[in-house]
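These are the structures in question, set out in turn.
Next come two complexes, and both contain subunit A; in the first it sits with subunit B, in the second with subunit C.
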Partner chain A sequence: MNESRASRLDLIVTPAIGLLLAVLLFVVWNYSDMDPTTERILEPANLARQLQQQLILAFWSTLLVIIVAIPLGIMVTRGGARGLKNTMVGFLGLMQAIPAYGLIVLFFVWLGQGATTVILALAAFSLLPVLRNTIVGIEQVDPSVIESGKGMGMTPVQRLARIELPLSVPVIISGIRTATVITVGMGALAFLIGGGGLGETINAGLKLNRPTAIFVGAALVALVALAFDFAGALAQRYLHPKGL
Partner chain B sequence: MNAHDLDPLHEPRALIELVNVEKTYPGAEQPAVRDLSLAVREGEILVLVGPSGCGKSTTLRLINRMIEPTSGSIIFEGADVTNTDPNKLRRQIGYVIQQIGLFPHRTIAENIGTVPRLLKWDKKKTAARVNEMLELVGMDPSIYGPRYPRELSGGQAQRVGVARALAADPDVLLMDEPFGAIDPITRDRLQNEFLRLQAELKKTIVFVTHDIDEAVKMGDRIAILREQSIIAQIDRPEVILTDPADDFVENFLGSGAILKTLTLNRVRDLDLAPVPPVLPGASRTQALAAVEESSSGVAILLDAQEHPVRWVDRRSLDNAAKPIEQAGRSVNVMLQPEDTLQDALSAMLQTSTGMSVVVDGRGRYLGCVTIESLASLLVQTQNGAA
Partner chain C sequence: MSGIESWFEYLSKRWDLVASTLLETLGYVVSVTVAAAIVAITVGVLTRNRAFPRELSLAIASVFLTIPSLALFTIFIPVVGLGFWPSFIALFLYALLPILRNTVTGLQGVDSSIVESAKGMGMTRLQILFKVELPLAWPVILAGIRVSAMLTVGISAIATLVAGGGLGDFIKSGLARLPLPNSLEAIWTGVILSLLLALAIDSSMRGLGRLTTSAGVRS
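What follows is the complex of A and B.
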């Protein structure tokens, strides 16, 4: 009950904050004094390119995380892989303890510069929430439900597809939501290793001391993150199994 | 004393057999089930009962191979199934557990259709079967079919659990403390319903409980198990109650063994006393005539659905100021034919007349039972058993 009320609140609060931010952005964009440097930084064509890069980075890294973390989570919750599960969750927790900045640099040293390196770094960083939620989601399924499925002659694959996964969907999606917000936020650091993104605008604003540019860049990043989060909230709402 | 001592000519064929089955869990020193041989006969309810930890659930779960035996073999319908595909075996055996385990994300209809779907029945056949099953357990398919499990009460969920287990018409039903998590009043009703169902369906049932009263009520035969699932005694309940094999069985039965014989017989075994019914709309004269005719001086007022509503006697009818519908005392306690004599006794003790009304499954009036008829049946049984 609580969870559904919370997700309904998500569907209102997230767009409300987004709208507020958009209005602020509109006001700043139209009414602040812009010197030629700021105007050059905030060149619309530049912003559009960076926004697109930001979206692409977030999209691919999230997709990569989903493709890797969910099957991995399923695998380690099968009997006989308990040891592997703990080792893996521990290792990924360690990865998350490395600052995002450091992780991107480490990946740069390993793979060189470019968007692919950024996507891989983002995916590595946001793997844990999806993996952990997949494991938790599957493990919180009432054992008596699985037992009765087994007792009626469901094969392990049928039990997974018809019982365990559908019942863990809400938890898994909330993990994916966390991951997307991380990838969008961290994507602002992509410029460090030539991955582009709105970080370029923020960085230029910082270096050249142009607060308007900093605000516009940061607000756009926040709007992208909110948009992804809202999409996640919608998915949670509409993919939630009926009857729960 | 065990099953093999009974006359083999009259023994129905065994549908399930455990032959020298042993189960030792990895790392355990002692086996959980030691060298168990057990035959379940076609059409009987065999109750496995014993103290907790005696291995009765393990034994049950060995039958559908939810637990794989360490050694020994399992014979199902004449074929050795010890090494066949366990999923195929389980689709032929109904399975009901205490927690029921309904799929919360599936409707009641989908839940009941689980095994038919696994067996790839076509949709029409499955839907028809689901409706039939819901009706069988007394639930309206159009109301309950589209609902989800969380909308059901505990008793309803248990009924759906039984309906789901019966959906593919298995010959065998395994029930692991099916009524264990249900309040006593609902449990009693579900037990009666289930016995009524079983009288119709004649399934072969293995039923696990830790409650000796439930065992006596439900079982055609009872196997009393001690540690490591060793059979202390297996026999008909009346034999176990009157002739326990050893001290273990005697202790397990407890001190109330004689009172428990009250749970062996049902209300339907009693002679119904002729207490005449007064139909709705009857005149005062007609009602008085009925009371006169009654040997006990009372009559039962029925409503339009033939449900008994009031006890009336001469004195209550003499009060002309009151309409007949309000004469006498209301009928509060009603028995059903499946109720045990224990239920009957406590019902009778609640009425001043020492009589209790008996109704059928739909609540229609069948007759009355008296404390005298109960006493005479008990004397007969005692003489018969001695």
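What follows is the complex of A and C.
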């Protein structure tokens, strides 16, 4: 009962807060006095370009995370890799304590300016949720189901592809949703190392002391993250294998 | 290695700055965690027998956690200005969910037959709450407080972007001065001290957990 009620409320509360924020944004955008500097910062063409940059960064880093973390999660849940799994999850958990701000700057020091640097930094920061959920998803599969697969004469690869993975899809998707929200949001920090994104608007507002520009930038970043989280919630609700 | 040596030299020349910056971050951690714990535990306790407000408050708290840090740190600037307050508000909103979720889980995990027997012993509702339910749920609640405290250390590095101080100052000044001497040392100072502070908080709160969990629950 709790699970379904909570997720149903998720589907209502997130868009409700998003709507509230959008209305606030609309009011500020239309009714606040904007001086020429603010207007220049909030040039719609600029905002659109920054939004596009941020989404592209998030797309590639999330894709990279999926490509790396899911096979890695499958690999370490095969028998015999238990020690490796615990070491890896422990290490990544420790990495998680590194501030996102510090991580993105360290990647800049290491790899220099450019979109690749930002994508790798975002991917490093959002690797853990997908990896952890892949491991948890596979491990929560009822061993008796796997046994019956064995009894039916399935090879290990068949058991993985037709039993373990399909049964862990909901958990893995929830990890991908978390990773997407992290990369979309953290892309706002890309401006720090010349990677663009909506953080530029917030930063310009901070530098030039224009609270209206700060608010518009912040509200847009928040709305993008909420939209992706909501889309993820919908995907979690409606995308699962038949029979689950 | 000379890198590590030069880092230690960098640190040894500015202990005062390191100490005061560390204290700023620690100040955020303590004030945010205490404020969030008071609010989240109160909400968790008040809604423990009412499903709708409980799930609603959980859903709202989880929305805060999906809002990117740069956005949440800056969105209140038009109202509260720069410095401590926008950082405190953002960190406070982030810290709510882990504590609230664990308070709810902890209170729901209390065996109803224990509550029944407390009733049978003639305890009032308040006595049951403070002498039975909260002590039994405490280890779980404290685990939530620990998660929030560590979360606060990591995210508070952003505070420097809104002039809120803290260990992020080192990262910001290092980035601004790259590739001049001592810029790398400054960045590593911010990152490593954040990491060490998070680890120190983790282990000290685990210790606190052992000390403050009642003997009967521990065994």
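Rule of thumb we're sticking to: the second predicted complex is superposed on the first by the 236 of 244 C-alpha atoms of A that agree within 3 Å, B and C clash if a C-alpha of one lies under 4 Å from a C-alpha of the other, contacts with A are read in each partner's own complex, and residues count from 1 in each chain.
In the analysis below, a residue touches a chain if its C-beta (ideal position, glycine included) is under 8 Å from a C-beta of that chain, and two chains touch if they have at least 3 such contacts.
All values reported here derive from a predicted model rather than from experimental measurement.
Visitor: Report clash or fit for the pair subunit B and subunit C bound to subunit A in the combined superposed model.
Guide: fit
Visitor: So in the superposed three-chain picture, is A:G151 touching just subunit B, just subunit C, both, or none of them (first/second/both/neither)?
Guide: Touch partner of A:G151: subunit B, not subunit C.
Visitor: Which chain, subunit B or subunit C, ends up touching more residues of subunit A in the combined arrangement?
Guide: Larger number of subunit A residues touched: C.
Visitor: Output check: A:G114 vs subunit B and subunit C. Expected answer is one of first, second, both, neither. What do you get?
Guide: Neither subunit B nor subunit C is touched by A:G114.
Visitor: One more residue to check, A:D10. First (subunit B), second (subunit C), both or neither?
Guide: second
Visitor: For A:P166, select first, second, both or neither according to whether it touches subunit B, subunit C, the two together, or no partner.
Guide: A:P166: touches subunit B, not subunit C.
Visitor: Would you sort A:V221 into first (subunit B), second (subunit C), both or neither based on which partner it touches?
Guide: The second partner, subunit C, only.
Visitor: By the touch definition at the top of the document, which applies to A:T212: first (subunit B), second (subunit C), both, or neither?
Guide: second
Visitor: For the overlay built on chain A, what is the smallest gap between any CA atom of subunit B and any CA atom of subunit C, in Å?
Guide: So the smallest C-alpha gap separating subunit B from subunit C comes to 25 Å.
Visitor: Which subunit A residues contact subunit B in one complex and subunit C in the other?
Guide: Comparing the two interfaces on subunit A, one with subunit B and one with subunit C, no residues are shared.
Visitor: Within the complex, which stretch of subunit A touches subunit B?
Guide: 142, 144-155, 158, 162-163, 166-167, 241-244
Visitor: Okay, in this complex, where on subunit C does subunit A touch?
Guide: Against subunit A, the touching part of subunit C is residues 51, 55-56, 58-60, 62-63, 66-72, 74-75, 77-78, 150, 153-158, 160-162, 167-168, 171, 174-175, 178, 184, 187, 190-191, 194-195, 198-199.
Visitor: Using the touch definition up top, name the residues of subunit A that touch subunit C in the complex.
Guide: Listed in rising order, the residues are 1-2, 5-6, 9-10, 12-14, 17, 94, 96-103, 105-106, 108-109, 181, 184-186, 188-189, 192-193, 199, 202-203, 205-206, 211-212, 214-215, 217-219, 221-222, 225-226, 229.
Visitor: Taking the complex as given, what residues does subunit B use to touch subunit A?
Guide: Going by the criterion above, the answer is residues 64, 66, 86-91, 95, 97, 99-107, 114-115, 118, 148-150, 161, 164-165, 174.
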